[in-house]
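Before we start, here is the structure in question, set down as structure tokens.
The letters A, B, C, D and E name the chains in turn, as written, and every chain counts its residues from 1.
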Amino acid sequence: MAAHPILDYLWIIPLLPLLGSAVNGLLGSKWANKIVNWVAIGSTGLSFLCALEAVREFFDGGQVLFRKEFFTWIAAGNFRAGFDLQMDQLTVVMVLVVTGVGWLIHIYAAGYMAHEGGYYRFFSYLNLFMFFMLILVLAANYVLLFVGWEGVGLSSYLLIGFYFLRKSASDAGKKAFIVNRIGDFGFMLGMFLLFRTFGTLDFAQLFAKAGPWPAEAMGQLGTFTIACLLLFMGACGKSAQLPLYVWLPDAMEGPTPVSALIHAATMVTAGVYVVARSHILFTHAPTAMLVVAIVGCATAFFAATIGLVQADIKRVLAYSTVSQLGYMFLACGVGAFSAGIFHLMTHAFFKALLFLAAGSVIHAMGGEQDMNKMGGLGRKIPWTFGTMLTATMAIAGIPLFAGFFSKDAILFAAFQSENGGRLLYAFGLLTALLTSFYMFRLIFLTFHGQQRFDEHKVHVHESPWSMLGPLVVLAALSFVGGWFALPAFFEGPDYFANFLAPIFAGHEPAEAGAATATHSLELILAGVAVGAALIGLGVAYWLYSKKPKKADELAKSMKPAYTTLLNKYYVDEAYAAAVVRPLLWISTNVLWKTTDVAGIDGAVNGIATGTTAIGDGVRHTQSGNTRSYAVWVVVGAIVILAVIFFWPSPGKPALEMVR
Amino acid sequence: MLSGGHLLSVLIFFPAVGALALLLLRDDDHKYIRILALIVSVVEFLFSLLLLRDVPTAVPGYHLEELAKWINDPPINYHLGVDGISMFLVLLTTFLTPISILASWQSIGRRVKEFFVMLLMLEVGVVGVFLSLDLFLFFLFWEVMLIPMALLIGIWGHERRVYAAVKFVLYTMAGSILMLVGIIWLYNATGTFDLPAIQQRLASGGLVLVPGTEMVLFLAFFLAFAIKVPLFPLHTWLPDAHVEAPTAGSVMLAGVLLKMGTYGMIRFCLPLFPQASHRAAGWVAALAIIGIIYGALVAMVQPNLKKLVAYSSVSHLGFVVLGIFAFQNISMQGAVYQMLAHGISTGALFLLVGMLHDRRHTFEISEYGGLATPMPKLAAFFLFVALSSLGLPMLNGFVGEYLILLGTYQRHWGWASWAALGVILSACYLLWSYQRVFFGDIRHEENRTVPDASAREKGILVTMAVVTLWMGIGSIFITRRTDVAAQTVIDQVDPRRPYEAAAPNGTAPRAGTVPASRVKLITAERLGTR
Amino acid sequence: MVPTNYYIILSAILFGLGVFAFIFKRNIITIFMSIELMLNAVNLAFVAFSQALGKLDGQVFVLFVIVVAAAEAAVGLGIIILIARNRQSLNVERVDLLKL
Amino acid sequence: MTPQLAVFFVLAALAVAGAISLILQKHPIHSALSLIVVMVALAGLYLLLGAEFVAAVQIIVYGGAIMVLFVFVIMLLNAGVEEHTSISKMAGGPGLLLVVALGGFIAATIARSSESVQAAEQTGTLSSTRGISSMIFKDFVYPFELTSFLILVAILGATVLAQREKS
Amino acid sequence: MFPRTIDLYRVLPELVWGSFGTLAMLLQPFVRNRNFFTVLAFVGALGGTGASCFAFRNAGPGFYGLVQSDPFSYFFHLLVGTVALLVVLAAGPYLDRERLPFAEFYALLLFATAGMGVLASAQELLTAFIGLEMSSISSYILAGYHRDALKSSESSLKYFLLGSFATAFFLYGIALIYGSTGTTMLDKMVSADPSSTLLKLGLAMILIGLGFKVAAAPFQVWTPDVYEGAPTPVTAFFSAGPKAAAFALLLRIFATVPAATHFWFWAFWLLAVLTMFAGNLGALVQTNLKRLLAYSSIAHAGYVLVAFAAVTSMAQVDSANAAPAYAAVLFYLLSYALVKLGAFTIVSQMGGAGEKHLSLDDYAGLSQRQPVVAAMLSIYLLSLLGLPVTAGFFGKFYIFKAAVNSHLLWLAVLMAVNSIIGAYYYLRVIVVMYMREPSTEAATAAPVGFPLTVNVVLAVTAIGTIFFGVMPNAVLNFILQPNLLGH
């Protein structure tokens, strides 16, 4: 079909970054950074363009699900997993976000990493990540999705451990991969169960089969519930939800662009994507939905609290990411999938921006990440400051900024949902307050007040345009990004929701209700949210800009709570003490040293030595003394005679005994 | 009966001819010895490629059969044949032999001639095992293979080589002698050593074994195979053998010899003793699962790199056994695929470990660290292989593991769930050891100057890497050929197929009825009682 | 008249005594004599049986046995002389170089 | 108690006594002499059984040749009183017990078993040297010829073993 | 009256061997040339072996049924004849080295061979006894043939004393059997009443006597000492020839006489187990290769006895199916004889002057000093171990088969266990040869010379071992025939 040149060759979109990665990885070591840049940025840019074209063709084709099988990858018995890609509204959003933001971040990285070693390595990894991420979002069946799923895990492992000379870095990378693996364990089992039940893992067929099934009752642990919970386990690993969130903060060991791309904008949202993708299954399993909502809400709050006291600028952002992801899951959990995806998109914009800006700050400070050693940067690096402020307002939910709309939609949906909605809402709101607090705390600490660093040591400087450009673009996006939903406030159509409607249609009670009846309520809730945001802002201002002393006094006054938060609730320590060390100890002492060496091998060698000992005994019957030998002959004679004359019932019966 | 020339005989005996030719060379012109050995093995590999052409893809039964009278009483025939499963195992063997010859190009300095002769004789034995359709012939090759391997370990091995070699032989013989008794007993029951004949009589119901007898026979065979695999409690010869063996030895051992055990299970245990296999399945699966987790955990804490890889083999082969005894087409093909994948990736791991040893003459992980700086290429290859071994999608390890677990899940969701833990653990031990070897700062000065991969090494590794990648993406090429064979075995082991009902177009969700809380309660013991 | 059994039992007793002597004596020559004693016991049995069966071949066997005994004696005494020459002792218990 | 029986018992007692004294004698020469006693007694028994030829051979070859050979060797090696060592633990108590058990068992089994042969009365009339000779040279000519080889072996052995070193 | 010529034909091998022995003996004073006797003995052995074909061509009972010329005897004539042939070739260098007279040695060898021939064909117990004595007495002398070596004379003495001790039992057995059955002809005992006490006692005595000759535990005690002490070529001869002959007689008696087949299986079962364990366990800890091989020959006697147990138990179920079991015994003896000959020949060469280098350490690194020799010895050891493509493997395989055929599973399993134990010490030798470095003085010492004759022996045995390992048909078809034992 010439009509859809790109759609028919959809594989071009992921392939381009792969090529870039391969070329850079194999040849880049000899090349100058410039060429590497061209390859990397060029390939991603091209794939972005292709994505745009594909989207155009998609609209052109009347927004009907496009699906194509390219080749069969695994086939055995009645199982088939193909290299099948598909394009629908959900995919459109994801693809555009991934390629677009990814491309911007590539450009940024070109400037940021300019003076780092292993330049080609970095970009090769980065492109590899793009490839896998695109596979993940374009896949038309769970197995291929799993390929991308594991692949992004791999590339995040590589990128986190990019500075492999630092033990902390390689540790973080390893941790990320293994924790993800724990999630994948559940994900695989989920796939197996789905295949066992429906005999296929292809989205189209699977959902077609699953659709007509009756939904399970709340509290019933049916196929759907188990499958969804298992899938969600994978999502938890990938999207850093409780209890598997521990890897994400450590992941900040990676270069900042990586944090921006992988650990803010794209990869970590894969979990949300999967849940949204399998919404048909989830809507059959209210129990699972509730679990998702609760976990999301809890994570959001929990991470936010930790974020309050962190001093490392990137760690603050990391915990904020975890918290925002919690929001997205909350949305999905209460059935507001489109809201979740919406927040996913806006979050991709402003969180990427935040990270990049933070990177620019760090860049300006010559690698310093501790906010207590910053301050008063506002005047020195205005661009960075401006863009970062925009992003902060977006995430804090200041009206008309992107974050405002998405967060508002989520909170509203939560408020609407039947079971435990109010509670979820309350925590969501509290989290919103905390969010705006710690974000503005970051702003004030970094850009206001007097400088807390030695002017002569670090000479602060604005970043080059290669870095500022993406900042500006993203800033614009995080401002206007939310206006899809703007009309909804004036009883107009919610473009974004309507766009995704073909997918989530009929599965979003909250949204359905939202349209008319409780419109006023929505406005009220929005107001409340804004209020919360402003309160957070105010407190932050009062504590960190008005009278800076107060913060420390506060910290001192509630020492235990403060230290607990500072040490992230000691979760890592708890895991180490409860899981890692016991496992190692058991493996070493019980399994290896005791069972293997002492037990089994000991028995084997014991048999050998025992036999030898017996042999030595036998040997000593050879006394060399003829008289003894004669006695042996006599013994033999007696034995034979005894057998012949005294053996119990010789002949047949005796034979039966041996048979 | 006889069709398609004598390709199989050629495949078996060509290396032997090559070995004889080697014997004619002078002891000291190592160059020509190496080259000749390489040529022989490569030609052998090319011959084996003909199998792909000559073996029809979707036709059940054995192909290219060769049948010749050998001994009149008892009637023992020289009966060869190949099917989808054995074909690829033969290919694996003939592929790994030149690789290991290349790998020992320089590391083998003394008694070079004997070394390559032994390697080729080993190939003879292994290929013979995979191709023989006569129980007696099978046993014969099975035993023939022992001595070259033992000598490879014992002469060119490391410090405790003698202990390892003797342990290897005695362990294996202990199993195989009982198998001989079993074979003879089976002969008494059937009056023939011919595998297809027995299978036909079993299929036609012309032969029915008493349950007790069948179980004893099954155990007689199974023990020999389980030792070879090795299955959990019988595995302790493996670490020693691997650690002490020279690189080539380890490659062949891990790559091919272990597969003989699993192959034997597929080819003999299941088809010949279906009922017994079913009765034993639970216990076997339990052992396999224990092996998977146990092997992984023990591997995780090994201070010795090579031992770590050895224990990882225990874990991986556990998957294979589990897949076989799930009696599912999917898992069976997965098992076959895992055999091949494990052969490639673990073989590559041993090659890499061997290369490290060539440079630093130690396997102790603590001796290394920060190697990524001096040798980035080797580090890259190592990571690649490690990833394939921990089952990263698009690499060969994933396909096998995934199919096994998927198929097993159809048979019994508990088994699959426990086994899947191995997926997590494999990531743990591989990445951890990789980090300790290649990442961080250099702690030992001598590591600062170690050379990166040489051209020869790069050649080997690239070959392995390409195969790994190809197997990860083009798995269909292999599964298309193993499908029928696997299905045949499934039919033989259980004509009625009680477990097949579970799979397609879900009527009633089976696992749905199982409360999720029990997922945690299921223990290996409970599995055993099923 | 004498029942054959008496002869056979007598030969058994003599045979047993021969065995006893073989183990009890230390002097090689005497031990060898005890072997001759055993052979004699056997001869007695042969003759007695041949009489009881009314067949002559038993007596023929006896002659053969005697010849064999003579041959054995010749060789045996040769060996004994050899031993006595090699290690100035006729005590069988001193001849235990080969052991274990 | 017929005279034959009386004679039998006398001779049997003599034979057993000789055997026992063979065991008890310390000096080999005495043992040899007691062995001769046994042989003579047996010869007597052969006569009692009516096998004159065998009896004669017994006296001539055994008593005459073989025993003389023994005595000759004893003299040649002028073997003294046998030293009484008991290095062999086996041959101590356990060995002797076992031997007694064995001999006792054999004798007892024979005594208990009642077969036609054993029941047969010894008439002492079957005796014809001609018959024996014809048997040797007809039925048993082959073993007879073989014995000649045996003798050769014996001679050979004696020469090989006992000949002095030709330096 | 002179025997019929046909009778002479049927015992021709014995006559040839014996007369050549006599010839050697007579010519000894006149001929100085040592090699002459080698040739003479060689011709004699060869002639006798050839004559056995002649004897077989006109098979049948000879000398009023005293002897029987049938496939069975033919097989054993060929076997012992070949053994004698090879020992003649192997012994020459040894005798040269030790400065020992040739003529008497060969004469004794030939006489012993003749005796074994008699054993193999004897159909009557007393004839068998004479044959046994011929072989035994010559063996006593041969064991002590190295006069001034203390060990040699000691082994001779022990062999002599214990041997004649056992012979007395054997003879007593004959007497009792004669008493109970009224005959000593095996074929006339068919009608004998199995339950007769005297018969049982007699058979037991015969079993004791022959058990001693074949070194069945607990009669095996003499074997290690005698084998170690005797000159190594003689040891080779012992382990191959007399043992086979004694087994032949044992088989003839206990497989053909119904009275002997019944109720006897347990005795063999027990003997087999005891013998296997005694031999293998004893060998496990040996450090002297000669002695180790001696122990191993005990173990192998045990394996053969397993086949005997199979024979006896099968014979009383249905004697028709016993044929494979006979075949197992015969084939095993063949393979075993070849291997042991070869192994001991190598030992005798490696032993050096005065047989000083017998310990395993002297073989360290042999594969580097003398690769061919090491390879040969490995072949023999692997055959003893029972690894495929060697005759030993088939031998073991048939015994297993016979045992399983007769449902003697436990015996089969015990045998399996024993082969594992055996594997250990055979491997130890291979390990020493291939995986240990030679001791310094051994490395510097000149390689031990292997004269032509010895090489011939090695070649024949090695090739035979491999050949019968790959192509056993040739022999099997012959020994599997139903009328193996003439009737």
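Convention: a residue touches a chain if its C-beta (ideal position, glycine included) is under 8 Å from a C-beta of that chain, and two chains touch if they have at least 3 such contacts.
What you are looking at is a predicted structure, and each value in this text was computed from that prediction instead of being measured.
Most remote from chain E, judged by the distance between CA-atom centroids, is A. Chains C-D form the pair joined by the most contacting C-beta pairs. Averaging Cα atoms per chain gives one point for each, and the point farthest from that of chain C is the centre of A. In whole angstrom, the spacing between the mean C-alpha positions of chain C and chain E is 26. Inter-chain centre distance (chain A to chain D, centres taken as mean C-alpha positions): 102 Å. For the pair chain D and chain E, the distance between mean C-alpha positions equals 31 Å. Note on chain placement: the centre of chain A and the centre of chain B lie 35 Å apart, centres being C-alpha means.
Residue positions 170 of chain B each touch two or more of the other chains. Touching two or more other chains at once are residues 8, 15, 18-19, 22-23, 26, 31-32, 48-49, 52-53, 57, 64, 68, 71-72, 75, 78-80, 82, 92-93, 95-99 of chain C.
In chain A, the residues touching two or more other chains are 608, 619, 622-628, 630-632, 634-635, 637, 641, 645. Contacting chain pairs in the structure are A-B, A-C, A-D, A-E, B-E, C-D, C-E, D-E. Those residues of chain C whose C-beta lies close enough to touch chain E in the complex are 8, 11, 15, 18-19, 22, 28, 31-32, 35, 38-39, 41-42, 45-46, 48-49, 52-53, 55, 57-58, 61, 64-65, 68, 71-72, 75-76, 78-80, 82-83, 86-87, 92, 95-99. Across the complex, chain A meets chain B through its residues 71-79, 143, 146-147, 150-151, 154, 157, 161, 164-165, 167, 170-171, 174, 177-178, 181-182, 184-185, 188-189, 191-193, 195-199, 209, 221-226, 229, 583-584, 586-588, 591-592, 595-596, 600-601, 604, 608.
Note for the complex: chain E touches chain B at residues 324, 367-368, 382, 387-389, 393, 397, 400-401, 404-405, 409, 412-413, 416, 419-420, 423-424, 427-428, 431, 434-436, 472-473, 476-477, 480.
Interface residues of chain C facing chain D in the complex, by the touch rule stated above, are 1-10, 12-21, 23-27, 29-30, 32-34, 36-37, 40, 43-44, 47-54, 56-57, 59-60, 62-64, 66-75, 77-82, 84, 90-91, 93-94, 96. Contacts from chain C toward chain A in the complex involve residues 19, 22-23, 26, 31, 92-93, 95-100.
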